[in-house]
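Shared between the two complexes below is chain A, which pairs with chain B and chain C, respectively.
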Partner chain A sequence: MNLEPRPPGLQETARSPHASSRALARSSAGASARPYAASAPYLFLLPYFIVTAVFFLYPLGYATVLAFFQTSGPVRRTFVGLENFSYVLNDPDFYKALWNTLLFAVASLFLQLPLSLGLALLLNARQDRLKGFFRLAIFSPNLVGQVFVGILFAMLFTPQYGLFNKLVFALFNTGLQERWLGDPALVMPAVIIASLWLYVGFNMIYFLAALQNIDQSLLEAARIDGAGAWQRFLNVTLPGIAPVATFVVVTSTIGSFQLFELPYTLLRQGYGPNNSGLTIVGYLYQFAFDGADLGTAAAVGWILTLLILGVSLIQIRLSGTTRKDR
Partner chain B sequence: MSGLQTFLLVLAGLGLVLFLIRPKLGRAYVRYAMLILVGTLMMLPFVWLISASVKDPDVINDYTFLPPPSVWRSPSVREGDQRVAVDEVTDQALVNEATRVESTINSRNFRDLWTDQQTPQGPVHFSRYIINSLFLSSAATTLGLIFSSMGGYAMAKYRFPGRSGLLAFMLASLTIPGVVLLAPNFEIIYRLGFMDTYAALLIPGCVSVFGIFLFRQAILGIPDDIIEAGRIDGAGEFRIYLTLIMPLVRPMTSAFCLITFLGTWNSFLAPNIFLQSQPKLPLPVALNQLVGVYDQQYGIYLAGTLIAIVPPAILFFALQREFISGLTSGSVKQ
Partner chain C sequence: MNYPYGKAPLAILIIAILSGIWLFIVELRSRSERADLIFAVFAKEHAEAYRKPIREFEIENNVRVQLQLVDQRALQSRLQASLQVGAEVPDVVELLDGTMGLFTNGPLEDVGLLDLTDRLRAEGLDQKIVSSRFGKWSSRGRIFAVPHDIHPVALAYRRDIVEQLGIDVSKLTTWEEFARVGREVVRADTNNDGVIDRYMIDLPADGGEALRLLLLQQDIDLFDADGRVVFDQETVAQTILWYVRQFQGPDAIAYPAGWGQTLSQSMNDGLVLFYIAPDWRTKSIESNTPALAGRMGLMPLPAWTEGGRRTSSWGGTGLAIPKSSRNPDLAWKLMQKLYFNDEDLGRRFRDSNILPPVRSAWSLPEFGQPSSYWGGQSIGKLLVELAEQVPQEHSHPYQRQAIAQLNSAFGRAMLYHRRSGEDGLIEYIREELKVSADRVRAIVGRNRFLNLGESGKSEHHKEAAERSGPQSKNDPASTEILPVLEVR
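For the complex of A and B:
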């Protein structure tokens, strides 16, 4: 295949008055007459091919191989079979990390997404000038990186002086001295609260866009048919936003499973008392960069990949069946 | 009962009364009350951040937000706070330092931030980190824009052998979490000699499946006639892409640029792993050092965070509309 673009003069000669219609017909048939056009898409994609080969496919293969080796130092490695996997699967810390990650995923699914949807519904109710303002206010935390949010919230969670503790105290007359980041039982709730602030607005934007695409005449028809607000929501709005909701559910679950930077910085570059803020990626990070054990890290990576694949497949399947039901 | 509780009760009571008298008005009231409450809650950490960064570090915990205006100019020394006794110090500079009294509201955090910071690798001025971050983010955005839009154009407007397979491969690659590749990539970066260079950050991220999809989505909506017309006029394929297609996807371009800029500006993990020399660090990594295990300079850190939020905020305000349409275009237009 000729990968070099031909000089423009050569193309000119190849062109007849009917070239455009012919090219159209050919391109839709899956082949192109001109050698120039045939190589063009590959040239346009060349940077992607190179980057993907070097920084995706090769490391992916390498990670697969590494997972079966014990590494010590940059050069020495010995084949250990499934030992890395069995080590991880017998490590109580892994289950702690898994539990914390699942807890976070469940919270973002059942706390954060309903909140995002609720806010989107509130904002979508009527067109008004304040809408842009509120949308901006609720979205703005996303301008701040996870690292900054982590340390900012570490200060908001300070016993006695932290803003969050003061707010809780003003509301419930208790909890001023709560050590959110020092009490193993409260570390994950603290991470979840910080992530709520950070991400509620982000998913709200998706829901808002989906709500605006809903056919208003359908809602009107339901209203005329005497459907109540709840029924309209259940039978018109929810099916209308189902594709976006599936997208948001799957992406935010995948994101939850990759949680790392927020707890890592919230807990001052650590994993909390008794590893109470350890996530799967944090567990992987411990092996790879704190312990220089790339083999076990790769094994953890594969376990995480399988987990994510499994969970997202289940979610997509579930959303598919619910859509068929209606 | 605290003031906040009273306020919320009054708010709820008012809503209930309104709802009973005029249900329609009551509903609007509830809606706005909830939005205002949530909006305020989202803004509170920002208000706290701003007020904490202008407070003197000595009084950072003394007031929830700003101290009352009447004490703004008063000295920030707390009662019972023993400063260095002047007569015990012989060094004149130390005497000046010890007797220097700041008011409760001052720019000390920003002044301390804007100096050469002592690091194990020698002094580095704070502006250096800002320049690093600006350079990294701009370079990543430019590279990503060029290569991702090229890929998106190819995937949208060419029929070529292997296209559908490639599309499926791209989709599948999205499900592999990036951290799986972190450890092997570390070795690859090392072997390529990219360690402690910006190439380690810029080259692996210079084209993304996410970007390709974003541009593919936008370019799909452009009629083929335009491309055919360009070909008839004798334009080369690259010129068609550059001069005909790219101007038409301008909204998506700004959305992509903002998303990429934001992502790079805030990225922490990769630069933390791949960069070692202090003068090369971007803002998030450098700021994070201020609140390490041994060294906790929160006032300075908060001032730095405030500065770090400004560039993305300006960009966001300028490109808000495009940003939101770009974020959602992939999911909504299915």
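For the complex of A and C:
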């Protein structure tokens, strides 16, 4: 007697001829559904791929081609080789825009982020009922966007009547008629002040989330071991939020390099006296939309991309978040 | 219902299909209901003034005209993009001064607006309009828009305070005298808090349009009639020097009152006494500072030399017909109704204070009526007198860049003055003007599509070559002009 178990199909075949035909039907239905089922994920992903291809990959490829052409709107172009890049890299306005952008990026890193972290620490430490209110209040400027903040701060910075000038005058008895948006030396500080109000709360939310994820037992252990507040911050809190901090630093830097709407609206659709509020994206915009020279604008876009890529890679490398031992 | 991937994807699919059908129906309906003419304007005052004549036009011609009020920046950028890619555009459109260059910075045949030169000449309409106004709506000798206005510039002032200070405005005939009175009589700290709270004139801190109109007053535009950059000349340097001195230092009489609410506040407070006021601004002053009714006055600009021009020009609107207009003849007819009908022009002036460039309309009673807001003064009469002196302007595709460069030179002069005072200031201004003008020449010279001459090189390339010299690093004339590639 053969005691070996039979395969299920054979067992059914042996039991009844009707069961066999049902199994066959199921099997053939499964065979026809299987290829459909296999392609389903791709079908669901197709809209995403189409949108990415049409609105990202194609423009990206086309921008690469355009950077080597001079254009007159989208209908005419002539090949100019590297002339667009050479023109931009020899243009003093580009360096002015680069300087302003770098200044803003540095201010973001060394003013905005420490302020965000400070506020997050403050909110994380307090356990009162108003915590939620403060979190919303500090975050809320971000809900209105750069254009609104630009228009609002243009009024706040008005000489003689602006609230900001009045505050400065009340505190220091000077500066009532300071021309924040009319003095080349004060334009970028004005942009930075407006951006602080806009972004400090936004980054604070990230830091707050990271702080809330720190293992409290580590902090407790450090406290029992006699570590002071500063030591606990340096040796427990900071390493605990490092990945989020790296993310915030990189995204803030990328955002800083893309700065456009805030100075543009703050300076009444312009770039300030002596181009003191001109940023790299503003410089790109001038070529693309004031001069209809999409080729040079594409070249500026690529230079900006390389700059962002370089700075981001340096930041990630310095922060050490990509090290395998982490 | 059995859907293999669950309820959520099914719901998304149904929503997608329904919204697609809805959008399709909306689009079909809007196409079937589309007016015979779509007319886009950016100025609310213009839209208000056009409603009545448009209703009359609709009845007279048995057509439907849809008037669209669109934000200026949005109108300009969308029109620009739509014309370039051949998308749907309005049938008639009003453009803002300074934007013509955005449509004319390629070969003439690429300009997306109808060339109106021959139509205007054939019907003699070019003779009815002050000819200098066509300059800003033309490119390479062809007219692409009809001017809506002439915009003579005057000075609006706080009549009550000026009279209280004993200033006789009829004696403020030159800018020199104006500045002297500003220094000696007006500038003051009235409440002794250490802050000056009365200034003579409102001028923008970055030069802005004020610098340009002060140059126009002296017959200096950024480009000449042939499109050459001409703002690096001695008169411009001297004007910048004058402007800087009025703005900074112990003798400063100018203050940037800004726009909107802060401008109105400074008028109400008497922080600044004199305001540069083209005709269109007089209406905003009336609307925004009603409390000053009867306490304001309007006078001609002081001249740069005794007996010189007492006005300039600031701003402007032009009516254009896109080449892809569905009914250019009907659009042309509408333009004639709105821009050349004397009766409508009189009414329009009454509603907007904007002087039309059509001379025959200036004798209408509306232009001579005294205004209670301006203390019984007939501002129409003054504006008509000034209109005869309005300087010629030239449109250029790179006008915006030229204004930006001129203002950059001005900004650097302000910084130098603050840092080093008067020593070497005029020499510095001359140098910076040259740098700025050369940069505009380089920008213009790079454009290989603009005004290709018979030799195959752009006229602007030639000018850039003449100015910069053949050895110039950025000399565009020395580069080969490659054949234009049609990718349409």
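Quick note on the criterion: the second predicted complex is superposed on the first by the 285 of 326 C-alpha atoms of A that agree within 3 Å, B and C clash if a C-alpha of one lies under 4 Å from a C-alpha of the other, contacts with A are read in each partner's own complex, and residues count from 1 in each chain.
Note that a residue touches a chain if its C-beta (ideal position, glycine included) is under 8 Å from a C-beta of that chain, and two chains touch if they have at least 3 such contacts.
This is a predicted model, so every value here is computed, not measured.
Model built by superposing both complexes on chain A: chain B and chain C clash.
In the superposed model, A:Tyr161 makes contact with both chain B and chain C.
After overlaying the two complexes on the shared chain, residue contacts for A:Asp183 are found with chain C alone; chain B is out of touch.
Set side by side, chain B and chain C differ in how many residues of chain A they touch, and the one touching more is B. By the document's definition of touching, neither partner reaches A:Pro114: not chain B, not chain C. Judged by the touch definition given at the top, the superposed model places A:Gln269 against both chain B and chain C.
Residue contacts after overlaying the shared chain place A:Thr305 against chain B, while chain C stays out of touching range. Contact with both chain B and chain C is seen for A:Phe289 once the two complexes are overlaid on the shared chain. Within the superposed three-chain model, A:Ala40 lies in touch with chain B and with chain C [touch as defined at top]. Contact with chain C, but none with chain B, is seen for A:Tyr87 once the two complexes are overlaid on the shared chain.
For the superposition on chain A, the stretches of chain B under consideration are 5-13, 239-247 or 311-319; the one running into chain C is 239-247. Residues 37, 40, 44, 74, 155, 158, 160-161, 173, 268-269, 289 of chain A are contacted both by chain B in one complex and by chain C in the other. Within the complex, the chain A residues that touch chain C are 37, 40, 44, 70, 72-80, 83, 87, 90, 92-93, 155, 158-162, 173, 176-177, 179, 181-185, 268-276, 286, 289-293. Against chain A, the residues of chain B that register as touching in their complex are 2-5, 8, 31-32, 34-35, 38-39, 42-46, 48-49, 52, 61, 64, 147, 150-151, 153-155, 158-161, 163, 166, 173, 175-188, 190, 203-204, 206-207, 212, 224, 228-229, 231-232, 234-238, 241, 262, 265-269, 273, 284, 287-288, 291-293, 298, 301-302, 305, 308-309, 312-313, 316, 320, 324, 327-328, 331-332, 334.
Looking at the complex, you find that chain A touches chain B at residues 5, 8, 11-12, 15, 19-20, 23-24, 27-28, 30-32, 36-38, 40-45, 47-48, 51-52, 54-56, 58-60, 62-63, 66, 74, 119, 122-123, 125, 130, 133-138, 140-148, 151-156, 158, 160-161, 163, 166-167, 169-171, 173, 197, 200-201, 205-206, 209-210, 213, 243-244, 247-248, 254, 257-258, 260-261, 265, 268-269, 281, 284-285, 288-289, 294, 297-298, 301-302, 304-305, 308-309, 312. Note for the complex: chain C touches chain A at residues 4-5, 9, 73, 77, 80, 84-85, 102, 105-107, 110, 194-196, 204-207, 255-256, 258-259, 261-262, 265-266, 271, 398, 400-401, 404, 407-408, 410-412, 414-415, 439, 443, 446-450, 473-474, 479, 482-488.
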